[in-house]
Each structure stands twice: as structure tokens, then as C-alpha cells.
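Both complexes shown next keep chain A, but they swap its partner, so chain B is in the first and chain C is in the second.
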Partner chain A sequence: MNLFLYLDRESPVHRLDPRTKIFLLLGSFVAAVLFFQPGPLLALLAVLLLYGAVGRALGNLRRVWFLLLSIALISTVSWSVFARGSTPLVWRVTWEGLRYGIGAAIKIDSMIVSGLIFLSTTRTEEIVLGLIRLRVPYQAAFAFSLAIRMVPTIIGTALAIRMVPTIIGTVVTVAEAQRSRGLDLESGGPVQRLRSHVPLLVPIFLHTLRNTDQLAKALESRGFGAGRERTSYLEIGFHVADAFALILAGLILAMFIAIRFTG
Partner chain B sequence: MIRLEGVSFRYRSAPEPALSEVTCHIRPGELVGLLGRSGSGRSTLASTLNGTIPHLVRGELRGRISIAGQDIQGLRPRDLADRVGFLFQDFEAQLFSTNVALEVAFGPENLGVPRAEIARRVDRCLRLARLEVLRHKAPAGLSGGQKQRLALASVLALEPRALVLDEPTSDLDPAGRRDLWEAIRRLREERALTLLIIDPETDEVGWADRLIVLDRGRVALSGTPAELWSEGDRLDALGVKGFTLARLATALGLAERWQDTDGAAAAIRAAGWRVAEGAADRLRRADDERASGGALLDVEDLTHRYPDGTEALAGVSCAIRRGEFVAILGQNGSGKTTLVKHFNGILTPTAGDIRLSGQSLRGQSLARLSRHVGLVFQNPDHQIFAERIRDEVAFGPRLQGLSENEVSRRVEEALEAVGLSDAGDLDPFILTKGSRQRVAVASTLATKPELIILDEPTTGLDHRELLGMMALIQRLNQAGHTILIVTHAMAVAATYVRRVILMQDGRIVREGPTREIFGNESGLFDLGLTPPPVVQVGNRLGVPALTLEELVGSLVQGTEGPRDKGTETRQ
Partner chain C sequence: MREVLTMWRHTKMVVLVALTAAVYAAILIPLKGIPLIPGFTEIRPANVVPVVFSLLFGPAGAWGSAFGNLIGDFFGTLGLGSIFGFVGNFFYGLVPYKLWGKMGPLSSGQALDARSTRQLLEYLLVAFLASLSCAVIIAWGVDLFGLVPFGVLAPIITLNNFIAAAILGPFLLWLMYPRAKRWDILWTEIMEPGEISRAPRPWVGAVLMWIGGIGGLVVGVAISTGLHAALPFQFGTGTTGLGVVAGVLPFLLLFFLGCFLA
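Presenting the complex of A and B:
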């Protein structure tokens, strides 16, 4: 359970206050939901990739390329088939449907990329502290951080079939144990493959349950939720770079809004 | 400091109480070792001390528990966090921060300790745990031993007055174990802390002020290590292995208590015992008679590099012969598990080759290899998934496409071999850890592999379960299976294994007959390994005995007669 997306590196984005990065994340989401056309969404994605490059976080994209690609393909194909339009291309696919599908694909992928850059450049503890300073109750903020911890587990489980080398320990160990007994995870049709995963899911699920139980005990014994005013060892604060980042992001967002409502 | 009066507890839906009428008192600054077989109530007792029972684990609790004079009824673990610290066996689940310093700070933050004081505590606790240089590292990247010491530092940062350690070293390798105990010794020198240590091994907690043995939820025996020194038989009856050196003393009819193996050897000599003439040769000859057949597994210049570039194995060559019983020893991270994962095809070599009965493993499917090589993983819970033991064991044979008749024949055979014939219809999850381990062995056995590899087969088992498991493995070996185990349990290797392979940093540094390898103590020390006490005493007396029986059988009374060659070279 101890795999984080956070990349411990030096970068201007890492040095930003977590609250700034939360605002940038929300701003990118707003920009993404404004549009349906591929053009401006592609521009947004480019801005995000630039942001990620400055934050030296793009390496993490390689870990989820499969997820990004699958979403893009599923979105493009399904919208092409089901969305209506007036310019037919082939079969029941229309130009408008295809455009809409590509737009939706870039939109979802942009949001994932933005979230990933956030998690890659911000420590879990910083996120929690940022949320607390934004007046989110501590327990809720911590629950959120636990949810973040689960992200790699979920992605890992989903990708276990592909044996991505970076996925978490339990999934790998269970898969290895069952494959040692002769379980074949790679051959057969979709139904067969799904069925052959049952021997993986039961131990993983039980292990996660036990782990959660242990975690609860360990958390409480370290005074979690003791009901006293919580202090913080980590220090955060707004600096010049934060103001610069927020103004720049504000300008870009304003530009996107202007394009959306004038053009 | 810690006082229990008539404490009873029954888990919800359990028919029998886990604790009944436990009364005991631990004085301030006392170090108490808590022993008992698995299921004796050790962990249950510990869980009542900080309110985990009854607040996080449901059941019926009666009696009075007080910490530092205060009744803790109604207090939750979080309310007691700055009074009773808890260190758990599973260090993975205790760490949740992204770097070492923040991990230590987490507790004090929760208690509202001012930042400057937190910073002081972080420094102090990291120094005590010898983790200062790692303060900016991610906990996930630490070794097991370092993780457990980080968990210790994190608990100490709360500045509790009592500390409960629930099997803190069970998942650690020998070096990790030694470092943790050293940290605790330093801690005791620094401040008066009351300590309760749960450990399955009496030898490990021999330095305690007092030992308490639980049995069926009751205090069955209590006394100082000196008082329990010669109580080997009573401890045995309670499912706890007594002091190893005490058993040796008793066998030789000596009454005094020995602090260490040097003292033991000196006392044995002083009592007029000497090594019988030719004893060493007799032991070595007996080894030769157990020689084995032709090559089964041939490893040639095996190298394995992980995708991130780490070289886990760097040119390993070795051979396993038919019918052998071999152990691979070494620290965590030395490449032992990586090596055996190549033997059944889970991992494929980056370079080099492995041949099974002369045939290269390259290109062979895992499903096919699993018929010839069975690998039993360390934690049975990583593989058990069926609702009935019978189905769990049948999983492998069914995947081989055998007829239902043949499958059930093999299942019965395998269950019989592990002593679970009557349990076939039970749910594996109601079994103890030791029995679940047996289910895992049976699952492998049912596929009838020639080579059975067991990764840490005795971890987490109590003394009796350990003896049962090793007797089972020995029977399998005698029945013709070739056995390879990966282990940290040096006593297990000494007692059962004929040949050992020592690994370090992805290489085999030495291999040979167990007797020869264990006779060279400094060679083992260099790898962070320590031979078991009996072997050490034997080495000091000049006889390469591996078990208590062998050592006692090699000694004779009387000071006259020609001395054994070994003795002369030692002195």
C-alpha cells in the first residue's frame, strides 16, 4: 500500500503552496468543462503538459498511458457511433459525432493529466495541510488523502493483467503465487480471462481488508482524531511565485472563458 | 504502571473467552516479555492496554485495567496515545507518510504539540532509531528493519510512558532484528520506559526483567528469566520453547544459568566434559551416508536486472541434486527470493540459463513448469481463495486438466501428508496461521512437483507449529521430493538442512554442507547471520554439532585421554 504518485524532486511547481496548486487544479477543470470542441481543449492540454514539464512530473504519465489511451479510444469510438450529426462520414458515424468524441476524449484525459501533475508535485501531507488551511475539517482532509493513497492500488489492480512493473506489491505477489500454481492469466477469451482473475481478487480483497483494519489501529494509537487542536510540522505559505502562478493561470482561464463566450 | 485485575475478554461470536481472569502488575520501568503459543491470548492482552479492545475490536470485556494509576475504561487508543505506545508486527501498515521526518511528526501533530517541540522530538527519535541520514527518504523505500525502527521512532515521538511491542521482529531478518533490539536497549538507557514485549521465542526476550507465559487466556507461569531457566518442561507443556542453553545444561546435568554461549562452553569444560575422540569424524561420516542423486536443477551464470535497472542477481551459478534438502540463507535484499522465483519461471533471466533435468527453462510456460517445480510463498494468505480446503488444494491439479477422480485422489493424498485429512470441508480462513500454511503446502503437493521450494516456511508459526511444519517438510524429503527452503531461522537450517547456500548482494558467496558452513562463525557474521546457540557452544568446544542431541552425544565425562583434534586448534 505504500506506493505514491508523488515525485520527490526540485521544481518551481513543487515549491508552490499546496493551496495554489489546488486552485490551479480546479481552474483546469473549469476550463476543461467549458468546451466541447477539440481545438481549445487541445490548447488546454498543451498548457497542462507545459505545466507538467516545468514540474518535472511528466514521467508519471508513462505509468498511466494505457488508461489515457483506453479512455481516449472508448470515448472517441462510442461518441462517434452514438452522437447524432448532419455530416455523415461512414456508416452511422458523422463528422460532428467524431469531433464531439475526440473533444470528450481530450477533456477527460486533460483532467486526469492535471490531477496527476497535482499528485506528482504535492506531498500528501501538503494536500492535507492545504485543505485544512482552506477550512476543510481535518478528518475529511485525511480521508481524502487516504483515497489518494488508494489511487495506485486501483490502477494497479486494473492493470494487473498487463503486469506493469510499477504496480503495488500485494497485487504482484498474489498474481505470482497463483501463477506458480499453474494459473494462466494470459490466454482464453474475455470471459475466460475474467474468470481466471477470481483467484486473484479474493486474496487481494481480504488482504486489503486486513490492511485497512491494521491501519485503523495504527492510526488511532498514534493519536489520530485525539480531538485536540492539531499542529503542523510542515510549513506552507504563499510567496511571490504563488502570486505569479495564480495571476498567470487566471489570465489563461479568462482567455478561455472569453473564447468560449465570444467566439 | 500497568495493572490488570480480573480481566476477561471474549471476541464477539467466539464461544470461548480469549482472556479469563488475568491479573498482573507491571512496575514502572520494568521490561516484561510476554510468551505463549499462538491463540494463547498474547495479542488480545496487549490490545486491551490501549483501548483497541473494546473500542476497535468488539467483544465483551470485564475487569479493571489501569495505566499509571488511572482506570482506562471508556478511553480510546487516541486518548491513550501519549501514555501507551504500540508497535505492531506489520510495519507496512503503520507507515503512512511520504517521508521519514513527517512520519515521526504525525503523532505529535495529532496531539497538538507546538512545532518547535515536534522538531526536537523528530530529531531525538530519529537519532535513537539511527535513521537521521534517511530523514528525507520515503518510508516505502526503506528496508524492513529500517521501517520497523521508523515505526518505533514514530511511537516514541508521542513520549509514552509505556510501550507495547507486539512481535516486533517476526518479519525482520537477523540484522534487522539485532538493530531493533539495540535501539530498544539504547532507549532504556535514556529513559525509564515500561516495556511489554510479545515474542514467540524465549531466547529473544531472555534479557527481560520478567517473563509471563499465557495459556488459554490465563497467566500460566510468571517469573524472572533466572527463575524460568530450568522450567523447560513446563514451558514445553505450554507450547513455548524454553531457553536453548538451559536445555543443554539440563541434558548435561548442570544446574547453573549461562548468560551466553562463551559462558556455557567454559562451564561445560569446567564441569569435566570434553569432546569424545573421533566425534567430529563420526558426525561428518553420517552426513556422507545421506548423499543424494544426480543433478535436478542447474543454474548457470544467472543474472537478473529489474526494469528500473537494479541488478538483483549478478552471475549466480549453483546446482541442486535430486533428493537434496537445501537452504538459501542471507539478509533481506540479498537476492534469495529473486533467485528461487526463476526456478519455476515467474521471473526470466536477464542473462544466463537454468536447466531442469537437463532441459532449459527458457520458453517454457509457467503452467507447464508448475508441474515440476512447486513454490510455496511465505504468506499463505496471498494465495488462499476457496471456501473449502478441498477446493483450494484441488486448484492446481484441476488447472493441469486432470480427471476429477485423479484430482480427488491427489487432494486426499496431499491433505493426508500435511495432517489435514479431516478438515477438507472446512473454510480455510477459520484455521490458524500454521494450518493455513499447511493448506498452502498441500496445494503445492497436489501438483506432485519433483522440486518443492518453500519461502520462509516457519515465519509467524509458534514453537509447536514450527516443529510440525518442519517434520512435514522432512517427511516430504524422505518420500523423495527435493526440497529447497529460503529462511532466516538459523536453528531450522541447522537441524533439518544438509546443505546451505549463502547469498549476499545478488551473489552466492559460499555454499557447502551445513556442518562446514556453520562451523565457520566469522564467515556467517560477515553476512549478518548468527548460528544458533547450540552450534556456537559446539564450535567453542571443538565439535561441529548442529543439534542439541548431536552435541550431547559428542561429549564424554573425564579429563584424561587424548584430546580431540578440533579442541587443539581452537585453543
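Presenting the complex of A and C:
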């Protein structure tokens, strides 16, 4: 099971610089917040789906279809009840409110789809390096990157990304120690087995905390925070395709802005 | 709020940011499938993490909460709301350590593992304001862009945050504090006193934070639901305009000012 959404495929979108994809993501958010009417938002969603198809990222829609459907439903209902309108339909619901709710639903789903395409086509390392190149302080980007790497180890899913072997060792050691004290992890149904894992959490959690000092010392011994300029094994750079993508996205955004302000 | 920036000088604090973020995200992610408002909030027992880790790790808990929430959004809900989620969760992790011991007679003045009724009351108060401020910031942001009504989102986030922090928090805090102290990873032991902001009258900041937080929630919900103009025993008419944004903004500014002064 892959915890993260990244799809390791060959596509023009995969090859783009992560900074380009961050700008495209932000551009899609700007285009989405320009509108409240369903029409232009549906056009934006169509553009995003085309972008996702080029990036061979739409397979991930299967993982979030229920979420997108739920968003559409809840958003439509809540805005229908809350939004002001002059054409009553039923109870507090007006035609204007319903229309506003449908628009909000498409808007939120468009943003989620845009985020999904970004995450499906950009590796975590690329996102972090892109942030550093965009002048996000190295320490903050490092903490973010380290946290992402630690997440699967804490969840206990070893297959997603690189593991920290010491923490896997911790889990195994703690589990063995608890078993030797009579903890039965195998028998019972799913709920019983889930409950029997609870005693493992506290020592694993505390052991991870206890390693904070060692991890900090290990980082400093490797020169963490010593110099201002750092090199990276992973190289990124702007190419012709990036310029083309940014110009195309700029034109599309300009078109949406024109539609918004000229009616 | 100087310590929010100066903490990055300490490698141990950087590691604590990562640790907080990883733990927060790791508990958030498996429960993404049980949404309360799809795309914006779900059942979140992980909400205990920002409050407890804030009290232990100070600004590292604040940054860690912000990063952890963003990482959680990387599992299918990344959107414009993630920006406000980042800011809201930063303050969710900032309020507890900023407010602790600065509420005059309401503060216990005891160590974090005192296990007294007064300390529990102080914990519940800071957890409540942290939950509230996070909710107001996120709900204000998503209402600004017409995504989810303030009147729906703010109360749900407030309750969702507070219930987890109130039920699980005291036990986690009492469990972790003695160990964190023994292992020298409390933020007050890592950072130098000169790196931490010292306000001459922190209670003024605390009062402003309370007024800003509660005022923002009450005014926002009243405008969003139309309650402010409703007749008794009748629903009011809600709004899709900038009423909520304009009404809540002064309270948000008051809250931010309070954070600087506390």
C-alpha cells in the first residue's frame, strides 16, 4: 500500500520543475476563487482534468472519489441553507442559495483535484527542494521533509517511502518486550487486536521522543545549520517546457480573469 | 513572539518540529476517511497533539502542528483551505504555551505535572481558547473565498479540537512531561531566556486573546447564520457576502495583537 499519492510515471507534467507546478497549483486556486457561478467553475474543472490527463494522474481520482462526492453534497446542502436568496424553493432553501452551493462544491472539488494532480506528479523530495529554491528557510524545509519521512514509520506502514531503520527496530523491540510480558497481539477479532496494540504505542512514542537528542547531535555532527549555501543530490531547473507551461497557464488565468470582470 | 523565529537556531527544536508534525500527521491520516465536513475537517483525536506538544515544546509545537496538518492534507485534501489550515493549526499550537501561566488568578502557577484541579482547569481553558482560535482563523479564511459557511465550520472545528484535547490531553501531558523534562527536551530548557519574548504585562495579551477568540466566534456565527437579524424563535437569513469577513476581522486582529503582547 502506498500511503502517498505520488505516481511514478513518465509524463510531461512529471518532468516539470516543482516550482512551476507550485505556481500552477496556486494559479488554479486563484482562478477558482474568482467565481461563484457553476458555469466558469465547470470550465476550470475541465481544464484541470485535461492537465491531470496529460500528467497521467487521474488514476488517483479513484482514491478520492468518495471525498469529492461528499464535498459536493455537503457544500451544496450547507450553502443552500445558509446563503441568502430571493427565489424560495423549499424551507430556507432558495434558488440563488442552491446555485451558490453548487458553485462552491465545484470550486472546492476543483482545488482538491488540482492538489491531487500536484501530489501525483511531484515527489516529496522535489517539493521540499522547490520550497528551498523559493527561499523557504532550509531549517523549516528540512523539518517538513523529516516529518514526512517519519509519518509512515509512526503509522507503521513500511512500504510507502524510506524508513528509519532504528524506529522499525524500536517497534520490533517494544513488541517483543511486551510479548515477553504476556501481551497477546495475534488472537481475537480486529477490534480486540487493535486494542491489544495500544500498550505498544506509549513506549514506541516515548522511545521516539527519547531519540530527539541523539538525532539532533547526529545532524549537527554532519554540519546541519553550519553553512548558508547547501548543495543537493537532486537537481532541479527551469527548462523550455516550464516556460511553455507557465505562459500557457498565465494565458488561461488571464482568460478567466477577463471572463470574471467583463461578465 | 520572538521565540517563533529564534527557535530555528536550535537543532533540537528543529527535530522537535519534525517529531510533532510526524506524530500529528500520523494520527490524522488514518482517520481522513471519517469526515465531518468533507475536505475541511474529520474526526480528529490527533487534535490532542498540538495542545500537549505546545506546552512541552513551545514554538516547535506550533510549527510542528502547522506542518503536520499540511502533511495530513497531502493525503487527498490539499487545497486553498490548506493555507488557512496551516495558519490556524500554527496558532492552535501557539496559544497553549503563550497563555500558560499568564491568566492571572485562573493560572495554577504549578509545574505541568502537578495533577491538581486548578491545573486541570488551566489546561482546559488554554485548550479551549486554542481550539477556538484555530477554528475562527480557518473558518474565516474559507468563508472569505466562499468555500464553507463560517457558521457551519467554526463551531464544528472548535468542538472537534476541544473534545480531543480535553479528554486525552491531561493524561498525555502527565505521562510525557516528566520524561521530556528528564531527557532535556522541554523548550524552556533548550532555548536561552534572551531568545524568548518577555512582555511587561502578559495578562493584557491574554485578555486580548480571549476577547479576540470568543468575539470572533460569536460575531462570525451570528452574521453567518443571520442570527443577528433574526426575530425570536425564527431563523435569520445567512450571508454569502463579506459580512462575516468584515465582522470577524477586528476580533482576529485583536487576537493577533494579544499573541504579540502575551
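By definition in this document, the second predicted complex is superposed on the first by the 173 of 263 C-alpha atoms of A that agree within 3 Å, B and C clash if a C-alpha of one lies under 4 Å from a C-alpha of the other, contacts with A are read in each partner's own complex, and residues count from 1 in each chain.
One rule holds for everything that comes next: a residue touches a chain if its C-beta (ideal position, glycine included) is under 8 Å from a C-beta of that chain, and two chains touch if they have at least 3 such contacts.
Just so it is clear, the structure is predicted and the values come from calculations on it, not from any experiment.
Contacts of A:Ser180 after superposition on the shared chain: chain B is touched, whereas chain C is not. In the superposition on chain A, A:Leu206 contacts both chain B and chain C.
In the superposition on chain A, contact of A:Arg56 is made with neither chain B nor chain C. When both complexes are overlaid on chain A, the residue A:Ile74 reaches chain C alone and has no touch with chain B.
Of the two partner chains placed around the shared chain by superposition, chain B and chain C are both touched by A:Phe224. Legend: residue contacts after superposition of the two complexes on their common chain; A:Ser114 is shown touching chain C, with no touch to chain B.
Once the two complexes are overlaid on the shared chain, A:Arg123 sits against chain B while remaining clear of chain C. By the document's definition of touching, of the two partners only chain B reaches A:Leu234; chain C does not. By the touch criterion defined above, A:Ala216 reaches both chain B and chain C. Residues 3-4, 149, 202, 206, 210, 215-216, 219-220, 224-225 of chain A contact both chain B in one complex and chain C in the other.
Interface of chain A with chain C (complex): residues 3-5, 29, 32-33, 36, 63-64, 67, 70-71, 73-75, 78-79, 81-84, 92, 97, 100, 103-104, 107-108, 111-112, 114-116, 118-119, 137, 139-140, 142-144, 146-151, 153-155, 202, 205-206, 208-210, 212-213, 215-216, 219-220, 224-225. By the touch criterion stated above, chain B contacts chain A in their complex at residues 50, 52, 56, 76-79, 81-82, 85-86, 88, 90, 92-99, 101-102, 105-115, 118-119, 122, 136, 138-140, 154-155, 158, 306-308, 341, 344, 346, 365-367, 370-371, 374-375, 377, 379, 381-385, 395-396, 399-400, 429, 443-444, 447. Of all residues in chain C, only 8-9, 11-12, 14-23, 25-26, 29-30, 35, 37-39, 63-64, 67-68, 70-71, 73-82, 145-149, 151-152, 175-176, 179-180, 183-185, 224-226, 235, 237-241 touch chain A in the complex they form. Within the complex formed with chain B, the chain A residues making contact are 1-4, 6, 8, 123-125, 149, 165, 170, 173-174, 176-184, 198-199, 201-203, 206-207, 210-211, 214-235.
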